[in-house]
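Going by the order they are written in, the chains are A, B, C and D; count residues from 1 in each one.
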Amino acid sequence: MEQIYSTPIELRFSDLDLYGHVNSVAYFSFLETARVKMFENLFRELTGKNIFLLVARAECDYKTAILFGDALVVSISVPRIGTASFDLDYLLHDGTGKNYANARTTMVCFDNVNKSTIAVPQCIRDMQEKPT
Amino acid sequence: MEQIYSTPIELRFSDLDLYGHVNSVAYFSFLETARVKMFENLFRELTGKNIFLLVARAECDYKTAILFGDALVVSISVPRIGTASFDLDYLLHDGTGKNYANARTTMVCFDNVNKSTIAVPQCIRDMQEKPT
Amino acid sequence: MEQIYSTPIELRFSDLDLYGHVNSVAYFSFLETARVKMFENLFRELTGKNIFLLVARAECDYKTAILFGDALVVSISVPRIGTASFDLDYLLHDGTGKNYANARTTMVCFDNVNKSTIAVPQCIRDMQEKPT
Amino acid sequence: MEQIYSTPIELRFSDLDLYGHVNSVAYFSFLETARVKMFENLFRELTGKNIFLLVARAECDYKTAILFGDALVVSISVPRIGTASFDLDYLLHDGTGKNYANARTTMVCFDNVNKSTIAVPQCIRDMQEKPT
């Protein structure tokens, strides 16, 4: 699957839990931060139209513990764009081949003026053809 | 599926995001808090033996937005206990029939002395037969 | 100093840091949660007028570590109400005489329509005379 | 006051609150992250001796709202090193002259073997003379 976006994520001390590992909840915060950065670059037009991207489903498979001081990169691909929703796949890795986790979110588009979900707009459909 | 544990979770202002909804990441923090409370009651013996319960996989389906001031209850059931792992199902609801989300985590047991995963111990197997 | 509001705060697993203590940053989240709960009860009228309460200064003296499973209560008093700002004092304790921390925030009122700070409104001035 | 350490801090979507500003609590997380990074570089020897650096007091004056997408740099200076504690001053800024906040933490050194506070060790006293 072709990755359309990659960003390093800087760990914070507060990401660590009692065991000295990055807490499993924090991974979802990393997905969110990477996703918002990706959409900030590509889709400023969407938010200008009051269209929100909401998470309908999120999942993560944990492979290897992340420790403080580790490098973390989140790379995103787009495995599916349907009529009403689309999926984002995330690879959490160290940038040099070590895989920390695989994750996926299913996103829906929400029109915050009419307060209803809408069809996936064209600028998102274009993601699969025009990788950045 | 029979619920073996239920706990209210108090929302915090910092759970809210830009849209005024409880952020999708925070749901996983609610799962964790409920799970740790459940295990604190049932399995103090495990932690005394340096056996950690780690999340191998987590997933959540979001149904209805949670707003600040909403009541939140997390109810846990145990749909599967395998040899090397077990699943916990979580219902996030308001205590009176409104369903916010459904979630599942797959847990593995980790021996922190020998630094390896171990078979699911009997005290966890007993969960399905002896609900609290 | 007379306390005008008290609320229990439920700890979360994610409040703990590497040392097994509630992290020093989380204390400020407890102040915020207690403050928002207090203002939710007393001053719904303010937010209806688009007046925000912003933190201009925050400070905390840490006395005793909070551990997971500890009871935590935040009690608020109002030591000063000036023209342009007011102070809130917070006692973090276990409800039975054990003091975890003392904290203070200086609050300013912000008119989100005119985008400027405003004089402390009367309904806040009334706090000192009419404790809940 | 001479700054002995500076680091950029990357904002996360979850740092934002309901008002679209970086939440006041998150600032303390930025202080912590900058401090831990500074001590990671300078004082690995301390943690090897089971000496923890604990926050005895924290304070922050908020000057200007931080928005998502803003550059954030935390710069640290050491205004005081006493016998039993020392202070760190933090400037939160954008790297080009815009000041978001000023903060200070008072730190104590804790011997986790003997479970007591200890005098500030020499390697910390050397901070004022040997800036990195």
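The working rule: a contact is a pair of C-beta atoms (placed from the backbone, for glycine too) under 8 Å apart; a residue touches a chain by one contact, two chains touch by 3 or more.
The structure presented is a predicted model; accordingly, all values stated were derived computationally and were not measured.
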Key: Chain at maximum distance from chain A, centres defined as averaged CA atoms   = C
Request  = Could you compare the number of C-beta pairs in contact for B-D with that for A-D and name the larger?
outcome  = A-D
Where chain A and chain B are represented by their mean Cα positions, the distance between them in whole Å = 23
Query = Whole-Å distance, chain B centre to chain D centre, using C-alpha means?
reply = 34
Ask   = What is the distance in Å between the mean C-alpha positions of chain A and chain D?
value = 30
Remark   = Where chain D touches two or more other chains simultaneously, the residues are 13-14, 23, 25, 29, 32
Request  = Quick one: which bits of chain B touch chain D in the complex? Just the residue numbers, please.
outcome  = 13-14, 16-18, 20, 23, 25
Key: Parts of chain D lying in touch with chain A, wherever the complex brings them together   = 9-10, 12-14, 29, 32-33, 36, 40, 68-69
Ask   = Any idea which chain C residues touch chain D in the complex?
value = 19, 23-25, 28-29, 32, 52, 54-62, 112
